[in-house]
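Multiple structures follow.
In the two complexes that follow, subunit A is the common piece, with subunit B as its partner first and subunit C second.
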Partner chain A sequence: MERKARKQAKKAKKKGGDGNEESKQQQTGKGKTEDKEGQEESSKPKKTVKVDKTEKDMKKETNKPNKTVKVDKVKPAPTPSTSVPNKKEEKKKKTPKEPVQEKQQQTQGSEVGGDEADGATGGKSKAELKRERREKQEAQRLAKMAAKTKAVEEKQPKKKVESQADKKSSTVDKKKKGSGDAGKSGKEKSGDKKSTKRRIPLLGHLTPPALQAPHAPVNSEIIHPAVRTLGIKMKDRVIDGSTARVISTLVALKKLINDYQTPESCDLSRDLAEKLAPNVEYLNACRPQAVAMDNAIRFLKHKVNSIAPNMPEGQAKDELRTAIEDYIKENITLASSAIASHAAYLMQPNDVILTFGYSGLVCEMVEAACKNGNIVNVVVADSPQPPSGLAMVQRLASFQVPTYYRLITDITNVMDKVTKVVVEAEAVMMNGAIQGLCGTTSLALAAATYHKPFIVLCHTYKFCNNDLTDSIVVNELGDADKVVWGPKGSNAGLLAGWQETRNLNVVSLVYDVTPASLVTVLVTEQSVLPTSAVPVIIRRNYADVLGQD
Partner chain B sequence: MPAQSSLSEECGGENAALLLLKFLKIRQEHKMCNCYIASVEIKMRPEVQAVVLAAGPGMRMTALTATSPKCLLPLATLPMLAFPLHLLQQAGLEEATVVVAAGEEVRVSKVVEQCGLTINVDSAPVNTSTDPGTADSLRHILHKIKRNVDDVVIVSSDLVTDVKLQDVLDFHRAHGSTLTALTAPLTPPQHQPAPGPKTKPFTSSDVMVTESESGRLVLVVAGGDYDHTLTLPSVRSSKAPLLVSTSLLDAHLYIVKRSILEQCLAKESACQDMGSFKAEILPYIVSRQFQPQNKEAGPDEDFESLVSQYNTSVVMSRHHTSASFSSITCYAYKHQGLCVRVNTIPTYWDINRRMYSLIDKVLPGLSEPRRHPSAQIHEKAQVSEDSVVGAGTLVSEKTNITSCVLASHCRVDPMARLSNSVLAHHTAITSGCVVENSLVRASLNHKCVLKNCIVTDSSRIQEGKTYMNEILEATPEFV
Partner chain C sequence: MAPPTKQDFINKLRLEKFESEQSKAEESLALLEHIVANASWQTGSELLTLLRNVDIEVSAKLPWETTPRNMVQRALKIVVDEYSSCVGGVSAMNTSGHHTFPQVTMDPTGGVELPKCDQALPDLRDRVLEALAEYRAELEQSDELIAVQGESKIHNDEVILTFDWCGLVLAFLTRAAKKRHFHVIVAEGAPTYQGHRMAESLSRVGIQTTLIQDCAVFPMMSRVNKVIIGTRTVLSNGGIKTDLGAAALASAAKFYCVPLYVCTPTYKFSRISGEEVNHCGSGSAIIPINTPLPSSVNVAVSKFDYVPPENVTSFITNNRGIAPSYVYRHLSELYDPAAYHV
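Take a look at the complex of A and B:
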C-alpha cells in the first residue's frame, strides 16, 4: 500500500514537473512578444514597470534625443489579449530592477531620485522634461562607463532574454548597446565580490588593491619561489616603503638569476629577459610597482640586455649578481649615509624637526646630526592608518633624542615650535614634484603657511622622468576597508558595511604629490639641490637606462 | 591593458616563429626534434615538495583496519588517500611522495588512476613491523626530499578538508614562517551515534597556545602528553595577548622549511629519538623559537637587515624595523571550514554519512558522481536522493535504501531494507536483511537484523538473528 501511494506521488511529481516546463515555455514565448511591445511603448501606467521604463527611455533618448517627447506621448498599446501575461510581465519586469539599481549604486550618481520617475503618461511638465534630460545624461554617462568594461563583458555569454531584446530593437546603435551592457554589467558585478568591483568617481582608472595574489600553481615553471614570496609579502604590506621594496625585489631577482640556467642554443641575455618579464609582472599584479622599483628593474633589464652573447653563463651570472649588489650598495647604503651627512649639516643645535611616519633616511639623518653634536628634537607626525610612525619613535628613542609623537591632524598646534620640516620622498618627478606617502603634502602646506623650510630627502635612483602635477593621475589605491576598520574601539566596524551603502565612498590613497614650489630644498647623495635641478640629475645619471624607451 | 596584451601576443608570435625556425634547423642537423624540445624546457626551481604519510596503522579504528590499511578505507566510494592527494593536486603540485606500509605500494599507486587523479605518486614503503612513528617515516624518506626545495608539505592521509592549500602556502610565505600548521575548530560529529558499542573518546585534546592576532604558535602540547593539569611555561618576549585553546584541531598538515626539517631529522640532532612528528618534533621546533640563538655573523647575503631598516610596514614580521624575531617562527593557519581527521570510528562514520553533501566541497573539480552511471538500480527499487551509489553496484527490486552509502560493486538482493548505513566495496546484502545505522564491511549471507553494528566478518552472523550495538569481527587467532 505504502509503495503504491509513493508511486502515485512520484507520478504526480513528474506531471507537475512537466507542467512547470510547459508554463516556462509559455512564459518565454510571451516574453518575446512583450519585448517587442516594450520597444514601442516606452511608458506604462503600471507601477512595477517604472524602473524598466526609465531604462528603456534612456536607451531611446540616447539614440534620438529629438524625439523623446513624442515617443513618450505614445499611449500604452493594448496589453496582450490573455489575462495571464500580465502577471508574467510583472515577474519579468521585476528582474531587471535590480541591475539598474546596482548600476546606479556603482556609478554613485548624484541623482538620488533618478530611477524614481513616476509612471505618469500624457502631458509633460517642465520638471518632467528636466528629469528626462537628466536621465539622458545619466544614460550617456553609463554608456561611457560600459564602454570601459565592455571588453570583458563581450566575452560572457549573453542571457537569452537580453539577447532577444537586443535583436528586437531594430536600430541597434552603439550607444544603445552600451547602455544595455551597463545594465548587464551591474548584474554580473553584483554577483562578484563587491569590494573589488566598486569604482570610485575620478579614481576609476586606478586598480583596486589585490585581495588575492594572482593565481599560479605551486612549483610554477614561470614564477620563481623568491619572487612569489616577495609578491605576497608586498601584497600583505609586510614589506612596505619604496626603499625596502627595491632592495627585496633586487634580492629576489638575484635569487632567480642564481637558479637560472640557460637552455641550450639560446642567448642568456635574450632568454633571461624573457624569463624575468613574467616575474616582474607577477610582482606588479601583487601590488602596483613603485617608481623606484620600476627604475631598479629597468636597470637590471638593461644590464641583462647588455651582456655579450658569447659570455659564458657562469661569468654572466656573476656579473649580474655583482651588478645588483653594487647597485644596492651605491644607490642605497652609501647614498643613504651621504644624504644623512648632507642633511645633518643643515641642522642646527636645538632644532625642532617635524617629520612624517617612518623613514629610515630621516632616522639616519638624526643619528648623524647627533654625532655632529647637534641635539635636535623630533616631532613625529603620524597618520592613524597605517601608524608607521610608532616604529620611528621607537627607533629614535634608542638615540636618546627628545621625541614627540602627534597625529597629523594635530600638526598646526606644533608648527610654531617647529623649525624645520624633513620628509623622505618616495619618488621625485622630472618637474620637481615630490611623490610621498599620503600626508606629506599636508606637512608641506603647513611648512609653507608657517614659513618653515621644507626639506626633502631622496635617493637619486628614485628620480623619474615623468611629470606629475596632481595625485590623481598616477597613484595607488590602498585597502579602503582598513581605513574603516582602523581604530580599535567600541565603534570599530560602524562602517563595516559601507560597500552596501549608496553614495558612500571610502578611499585610501597611498601617495600624494607635493608641487615643486612647496619644496625648499632637495637633499640627495650628490648634493643639496633646488627642485629645478632634478632634470639635470636625471639626464646625467640615467641617460643610459631611462633613454631606452 | 590592450596595449599590453597585444604586446604579449606579438612576443608569443615572435617566439613561435623563432622556435619553428630553430626547430627546422635542428631537424636538418640532427633529425631529432624531441631532444630539442626537451632541452628548451628548463623549469624554474621547485618550491614545494609534498609528503603524504599513509603508513598509519589506524590504531584508533582497529575494527576497520584489521582487513585493509587505513589509507585505503573508503570514504563514500573513494579511498581515503584520494582526498589529501586531491588537495595537493588542486594546488598545482605535480608529484607527491607517499609513505606507505610495506606491501601496500601497488594498491596505493592504483588509487591515483582509480580516482582519476593526475598527480604522480612516488610511493615509499616502510616496514611497519617495528611500528614506526611519523618521524621515523620521515627519516626513512629524507633522502627523497629534493635538495633545492624551500618547503616541505607534510600531510596525513586521513585529512578531509575544503581548505585551499594555496591559501595556507600564501600564509606561510607572507609570514616567512618556518613551520605552519593547519588548524581548525574542532567540530563534534553530526551523525551520532556511531555504530558499535558506546565508547568514550579516549584521548584528551591538544593544547595550542597562539598569539591571538597573528596566529603565531607559542606552545603545543599533544593530547595525551599531559594528565589533568598542564603547567604553561612562562613565555618570554611576547606582548601580544595569548590564546590558549583545547578546541583547535591540528589537522596534521604542516608546511615546514626543508632546512629545519633536515636539521631535526638528522642523526646527531636532539630529536633523533623522537618517534612522532606531531607529539614530539612539532613541540620541539615551536619551543626553539624562544631559545636564545647565536646569531650567525656571516655576510648578509639577502640584505635582510637593510630591508628591515627601510621597511615602513606596520605588520609585525621579521622584516619589521623593531623586530626581534629569531630565525625560527611557527604559525598556525586557522581555517574556518570543514577540516576533519578521519582517524576514529565516529569520525569515519560521520564523514561517510556526510559525504553526499561534502563531495563537491572537498573534491572540487573531480566530478565523482553520486550515482555512478555503471550502477544498476532496478526501477522498482527505492533509493533515496541522498544516497551514494558506487560503480558496478547492483540494487535489486523491492529494496528500500535511505541515506546510505553503497561503495562500488555491492549487491543488494530483493526485499532488503537499508537505512543510514555504509557498505564497503564488494559487499552483498542477501534478501530480507534489515540494516540500520550500521557499517557493513562483509557480505551478509544470512537474513538478519542489524542495528548500530559494525560487521567485518560475516561468519559470525546467524540466520534470523537481531544484533544491536555490536562489533562483529573475526575472532583474534590467539583466543
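Take a look at the complex of A and C:
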C-alpha cells in the first residue's frame, strides 16, 4: 500500500510538477482511498480541500501517505525533529514547502479540526506504523554509518603500515610548520634523529644515491646478468654520461632479447614487455634514469609492442636486434658526426671556445673544426667534483689544440677573451630549457652577461616532453661524500660527520636546467635550430614514442 | 713583544699569515700608532710623509692588499684633521685647496703632494694618538655593530645564501639566529673551500645549514631570498673585489632578482677602482693529485673576483647601510682626497 502510494506520488511529480492538479488529485485520491481502507474518513469536501496538502505531503513524505487525517499530525511531520529519522531527500523536499504548508494549515485548520476525533483511532495505528518505520530507518542508517566507519578504519591501518616514515616526517613537518619554518616548507622536511631516511630541506623530494645495488641473486630469472652488471657499473659511476649510458643500456637489453625465449601460449610482444619491465626498474633503482635512457627504453618498448602476434620468434628477435642497432647507429653515431660538422661550420679561426667538463660532442666538433682548418682555442671550465674536465683536456691536447683549464668559479676572469661558449646537453625540454650537468648554467649566465653566444649541442633523441623551469623539481642527488672529501688541505673532511649532525646537510646536484632565454642556438643532427623548434621536432619524429606513457 | 716594524708587517702579509682582514687592519693600525708615538718627527708634514711611506711600500710589493693601505689613508686623514683643529679655525692648506665638498679623484691635480702642516705643535702627537686609539676602539666594535643589524635584515623562514668563510657574516647570521629561524645555504668556494668551515661553524651555532657546490649556485638561487656575503675590498665605484666565485653568485642573484648584501666594516672601503690587479694563485691547487696533464695545457687560477656595482644591493657597514652608488661620498668622509698616492 505504501509503496504504491509512493510510486504514484513519484509518477505524479514526474508527469508535471504543479501542472495537472486534477489528475494528481485523482491519483492521490485513489491512493488515499486504497490506503484508507481501515479508516473512517471519506468526506469528499475535506478530501478535496485537503488534497493540496496531501499532495505535498505525499511528495514530501513518501513514507507517510496517511497524513491527511489530522492537521496536528501533519504539522509536526515536516518539522526537523521528527524528520531526522527520515531520509535526507525528504528533508530537502520539506523545507521549501513548509511555509506554504503552514499557511494552508492555518486556513484549513478549522475544517480539519473536526477530523481529529475521527482519525484518532486510525491515527494511533498510523502513529505506531510511523514509529516502526522510523525505527527501521534509524536502524538502517546506523548500520550504514557503522559500515562506513569500519571501512575507513580498515583503510587507515593499511596506510599507516605502508607509510610510517612519511607520516613521521609529515608530523615533523607539521611541528616545524607550527614553529614557523620556511615559507616554502611544503618541500622542507627536516632530518629526524630517529628516522634513517634523512631528507634535505628544499630537496626532500629527491632520493639520496643508492649505496648498494638492489638485491638480486646472480642467477635470477627476472634480472638478466648483463643488466645486473650494468646496474652496478652505473651506480659506481664507471659508466657515466648520458650517451654512454644509453648505448650500454641498449646493448644489455639486446643481450636480454637474445637470450629470451617465448614461453608457450604467450604472445612475444606482451611477454617480452613484461620481462623487460623489472630489468628497467632494476636499472632505475641502481641509478635514476637519465632522460635519454628513458627515451631509448620507450623506443624499445614501442618496438616490442608493435611486433605482430603471429610473427615467428626468430624473426621477431632479429627485428628487435636490428631496431636497436639502427637506433644506436642513426641517433647516436651518425648523429654525432652530423652535429660535429654543423657546429664546426659555426667556428672561425682563432675562436676561443669555453666549454664545461667532458663532452664527447664538443671534442668531435673541435676535431672537425681542425680538419676544416679553423684552429680553435679551448678553455675547459671544470667543477672540482667530479673533475671530468681533466679527461677532456687530455683528449683535446691530443688534437694539438691550445687548451686552457680553469675552475668554474674562475670563468668571469676569462670571459673577455672568450668568443663562444659551447656545451653539450644531457636533455632538452619541450619548452627549450636545457638540462645539463650541474654547472652549465653558470656558463650560460656568464655568456649572457658578457654577450657571447651560448651554443648547445644535442642529439634529437634526447628531446623530451617535460617542461622544466628550474633545476630543483627534477634532479638527481650525487654522492655527498665526494663533496666532503673533495678539498685539499685543512678543509678536507671537515664535515665528515654531517649525517649525524642535525643542522647540517651536504648536497651534490647532478643536473641543472638552463632556461631557454639564455640559449642562443641549438645544434642538432637535423640542423641548427632555435629552442622554439624543439616541440616541432618531437612531434615530427618522436610523437609515437614519446607520446606514450 | 718586539715593536712592530714595517718590514715584519710586509713579510707577514706576503706569507699570508693573517687570519682575516680584521687582524690585518688591527696590526697595521698598531704599526701606525707605533710610528706616530716613537718615530722622530716634528711637523705634521713629516708625520704624513712617514705614514705614507708605509702605503707606498705596501702598494709596491703587495698591491692587492688594500686593507693596510686603507688604514694608512685613514690615519693620514686623522692627522690632517687633528692638525687643523689644533691650529684652530685656520684649516690646513694644501696646494690644491681644501674643499668643503672634497672630490675624490683618481689622479688629484695636486699630484702626490700632501697637505702642508708645517707648524710644529707640541700636543699634536698626543692628540693624534688619542684619535688613533678612538679609531682602534671603533675597529674592534665594528663586528658587533654589523652583527646587530642582522635582526632587522633577516626575517623568519628565509633562505639565505652565502659563500666562503667570512667572520662578519658568521656573526651577522649568528646574531639573527637568536631571534629568527631561517635556513642558510653555503657555497663551498673552490679552490680554497672555506665554505666547509663556514658550514661547520653555522651548524654548530644551531642554524640549519646546507653545503652546496659552486656549480649548483644558479639552480639553488631560484629558492633563495637573500644573498649575504663578505668581501675583501670595496672599490670606489661601488663594486667589490673578493674571493673566487662571488661574480657567478652575484650574476645569478641578479638574474633571479635576489638582493645581495655585503657585510663590510669601513676599513675595507678602498680608493682603487676596477679590477686593475688580479693576483694569480698556483695552478696546482686545482688539479687533483696524481693526474698527469700534458704540459701544453695552460692551468691557472685567479685569486680574486670582481663584482660590478649594479649587482650589489647594499653594503651593511658599522653604522648604516650604504648603496653602491653612494660609496664615493663615504670615501670622501673617510679619506683625505689629496693624500692619495696612486
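Quick note on the criterion: the second predicted complex is superposed on the first by the 348 of 549 C-alpha atoms of A that agree within 3 Å, B and C clash if a C-alpha of one lies under 4 Å from a C-alpha of the other, contacts with A are read in each partner's own complex, and residues count from 1 in each chain.
By definition in this document, a residue touches a chain if its C-beta (ideal position, glycine included) is under 8 Å from a C-beta of that chain, and two chains touch if they have at least 3 such contacts.
Here the structure is a predicted model, which is why all the values come from computation and not from measurement.
Participant: Given the alignment on subunit A, is it a clash or a fit between subunit B and subunit C?
Facilitator: Fit: subunit B and subunit C sit side by side once superposed on subunit A.
Participant: Report for A:L390: first if it touches subunit B alone, second if subunit C alone, otherwise both or neither.
Facilitator: both
Participant: Just to be sure I read the superposition right, which of the two partners does A:G432 touch: subunit B = first, subunit C = second, or both, or neither?
Facilitator: It touches nothing on subunit B or subunit C.
Participant: Between subunit B and subunit C, whom does A:P208 touch in the aligned arrangement: first, second, both, or neither?
Facilitator: neither
Participant: Which of the two partners, first being subunit B and second being subunit C, lies in contact with A:V483: first, second, both, or neither?
Facilitator: The second partner, subunit C, only.
Participant: Check the residue A:P288 against both partner chains and state whether it touches subunit B (first), subunit C (second), both, or neither.
Facilitator: neither
Participant: Enter the shortest inter-chain Cα distance between subunit B and subunit C once the structures share a common frame, rounded to whole Å.
Facilitator: So the smallest C-alpha to C-alpha spacing between these two chains is 8 Å.
Participant: Under the contact rule defined above, give the subunit A residues that sit at the interface with subunit B and also at the interface with subunit C.
Facilitator: Subunit A residues touching both partners: 387, 390, 394.
Participant: Can you name the residues of subunit C that touch subunit A in the complex?
Facilitator: Of all residues in subunit C, those touching subunit A are 156-159, 181-183, 188-194, 196-197, 199-200, 202-203, 206-220, 222-223, 244-245, 247-248, 251-252, 255, 278, 285-289, 291, 293-294, 296-302, 305-306.
Participant: What residues of subunit A sit close enough to touch subunit B in their complex?
Facilitator: Listed in rising order, the residues of subunit A that touch subunit B are 3, 6, 151, 213, 215-225, 228-229, 232-233, 235-241, 243-244, 247-248, 251, 259, 261, 263-266, 274, 328, 332-333, 357-361, 386-388, 390-391, 394-395, 437.
Participant: In the complex, go through subunit B and note every residue touching subunit A.
Facilitator: Its residues touching subunit A are 2, 11, 15, 22, 26, 36, 39-48, 91-94, 148, 150, 165-166, 169-170, 173-176, 302-303, 306-315, 317, 319-322, 382.
Participant: Once bound in the complex, which stretches of subunit A touch subunit C?
Facilitator: 179-185, 188, 190, 200-202, 382-385, 387, 390, 393-394, 397, 402-413, 438-439, 441-442, 445-446, 449, 470-472, 475, 483-484, 486-489, 491-492, 494-495, 498, 501, 503-509, 512-513
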